[in-house]
């Protein structure tokens, strides 16, 4: 008689390591609080309380750029939540990787805000405001470098958290598959960041051939490889 | 022999989904931290530490406007708490809706503060201070639009959270009634905001007929329909 | 045979309502986060990062005033923790009183900082710095009023939390005694604040008789009555 | 027959006091939120949102100094977590010591940031930026004093937390050894800070003999004594 088909469920809550407590550890509480603060400071620009109703309306034009950076940071928070819900420990390696993730998020809050707001300003032809401008081609290279570095470094932390799970050994075939899939996603994400950085540094930024300048940004479409490759890695690990 | 009369209790804690854990999930911890932070930044104006005792006394005049915006934001927090206490999950749709609520609250912290402080300044004939002024009729339209948009969007998140409960199916008649009632409250609130926005955009703002300018604000008395309509919807769902 | 003498234990953890869960409720998480932010903003003056080593040394002179205001606010936090550890619910009255406490704390963070830093400057003869000065006798009256109002209002919230416990009925004689004692402490504290305010308003502030100006501040020695009166009220309630 | 060899496990999670609940107490929640907030304000300089892409690149040069101060503060947070995971109570002495630790951390956030950023500027020969400069020898003495005082005071809190455990009596030989070891680490750390302060105050700071000025900083190599001394103290307590 077959066991109940729990191993075929696909929901987010389907897998939970047996020893995984349901309550929040202090590491999780710390990570949550730091992410919540980072997002708050992202959205609420402490310095610029609007002084007139017209300013207020203008300030709301920042909302699309905020929404984009909010989404990116919330995505990293969700990656951490997903990992900790399934395999989370507060051992030393996981603590160090989580603290590193928090540190990187805090460092990248304002750069992200600036990158996305200048991006939105460029895309909307200046209708959406930005206090910073991507004025020169050198500026553009810096933007690609900073974003690529932050992106790769944060994914490195997430991937590292799953690597600690693999090192201590998976509890089941299903768990091995899930971990392998998550590591594959991380590898694709880190690779994407590195390729974007390499393109930004190596491509000749020539004012005449404007289309070249978009290539390092276009590199992020490589993220579409994450899901198919992740499913293949998961299947192999389950079989293997 | 009748079952024990649990379905007639009316207290706040009467209903709790069976699988609902008592501990906080990380999503809840995140939402609480972000709300607490938003309210802190609402009340504590980081930039304006009073520099003399007279300034201090003047700063305390901001308290009524703070109290109003504090109450509005705390009300949304309480709506989230009430939902999560009864039906809360941290599945993907609930996570996305909660993150959207947090985002909207963060975006609306300063606008709310400005709206209420200029409102209190207008109501008190300028005795209560406001750094921003609703100077022109155009300003007033912007105030109505911003408040109406924020109000409706935040209620949309709350209502969406209850809709996810309805979609997965209610555990009991009582639960079905409670969810239907909460959705009715949300519908009334969203409708009120939309009507206020429509009035602000469509009404001729004419300097001579000053009473017209109050109509978009008066629209919020429609919120009084929320409780009777909610009770009717709850009764229908319990019977149905 | 007598029951085990649990009713004679006097430690802080001795009493806990039977239905009192050990985990934090979301209300508690919210209150903790808000208090933590308030204290952080109290100590870290966001605006004034020192720019030279000499500034840094000067900034550390603010520490005594910070320590005093930190202690006052931490005391209110501890009162809330003590109440919630024993009787805490997150019903509507307790939620509203806790939110009111958080609101008052946020409102009073900067006033407290200013009051204590000008107090320390006055006491140290100006060696300890203060950006605000209690320059005139009118300033002094304002200081007494603001501090007295905040003190009484915050104690009103704490006392209200214990009154909700009394209203729903105590579970045991010991609990009735504990609640009565806490309410007595609250009554003394509120009375002290009111007397200080009354003195500040009614006493003739005359430049010649300088000692008069200290009386509203001296009123706070009445707090010494709190513990004997609280013990008497507790004993009566246990007997009654 | 020997008992199961639990006393030989060496992992971080090996020891946990029997009565130690797995959930976070409110004290822990408070400490976590305050630390998270302190670290956020450490990294995110609220006042200095970069205004151009070149500013952004320059701002990233602050990252090494941030990382150092982040690491120091995170280390103190981890010490508190380690203590509270094993022996944590929220009795009055532990609460007061934890609040004192939070207070000290908040007071030392900006000084740490300044010390490390001027240290990095000095070490990198000015390539890494610093808004503050250690210009004179007197400045250097102040830096040593401030760092030494903060270091010793924070370790005093941590050590005090372990002393409260020793006072109430250890549950087992293994626990006695762990506590004795932690107290030994604390004693070495406090002693190191005191020696550094003494050197800074007593050594003749003479512009000609520049090497002397490094001695108070070099004193922190004494921290290397912490682990051997701690292991010796632990072994003695286990035997004793």
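Lettered A, B, C and D in written order, each chain numbered from 1.
Everything below uses one rule, namely that a contact is a pair of C-beta atoms (placed from the backbone, for glycine too) under 8 Å apart; a residue touches a chain by one contact, two chains touch by 3 or more.
Per UniProt, the chains are A, B, C, D = Transglutaminase.
Because the structure is a prediction, the values reported are computed rather than measured.
Asks: If I superpose subunit C onto subunit D using their CA atoms, what angle of rotation comes out, to the nearest 5 degrees?
Replies: My answer is 90 degrees for the C-alpha fit.
Asks: Does the subunit B and subunit C pair touch with the same residues on each side or with different residues, judged by whether over half of the numbers are shared?
Replies: different
Asks: Can you give the whole-Å distance between the Cα centres of subunit B and subunit C?
Replies: Whole-Å distance between the two chain centres: 30.
Asks: So, what's the distance in Å between the C-alpha centres of subunit C and subunit A?
Replies: The separation of the two C-alpha centroids amounts to 43 Å.
Asks: Indicate the residues of subunit A shared as contacts by at least two other chains.
Replies: 23-24, 29, 33, 37, 46-47
Asks: Quick check on the complex: what are the subunit B residues that touch subunit A?
Replies: Subunit B reaches subunit A through residues 21, 23-27, 29-30, 33-34, 37-38, 41, 45-47, 90-92, 95, 99, 102-103, 106-107, 109-111, 113-114, 118, 131-135, 139, 142-143, 146.
Asks: Which residues of subunit A touch subunit B in the complex?
Replies: 11-13, 22-24, 28-29, 32-33, 35-37, 39-40, 43-44, 46-47, 49-57, 59-60, 63, 66-67, 70, 74, 77-78, 81, 84-85
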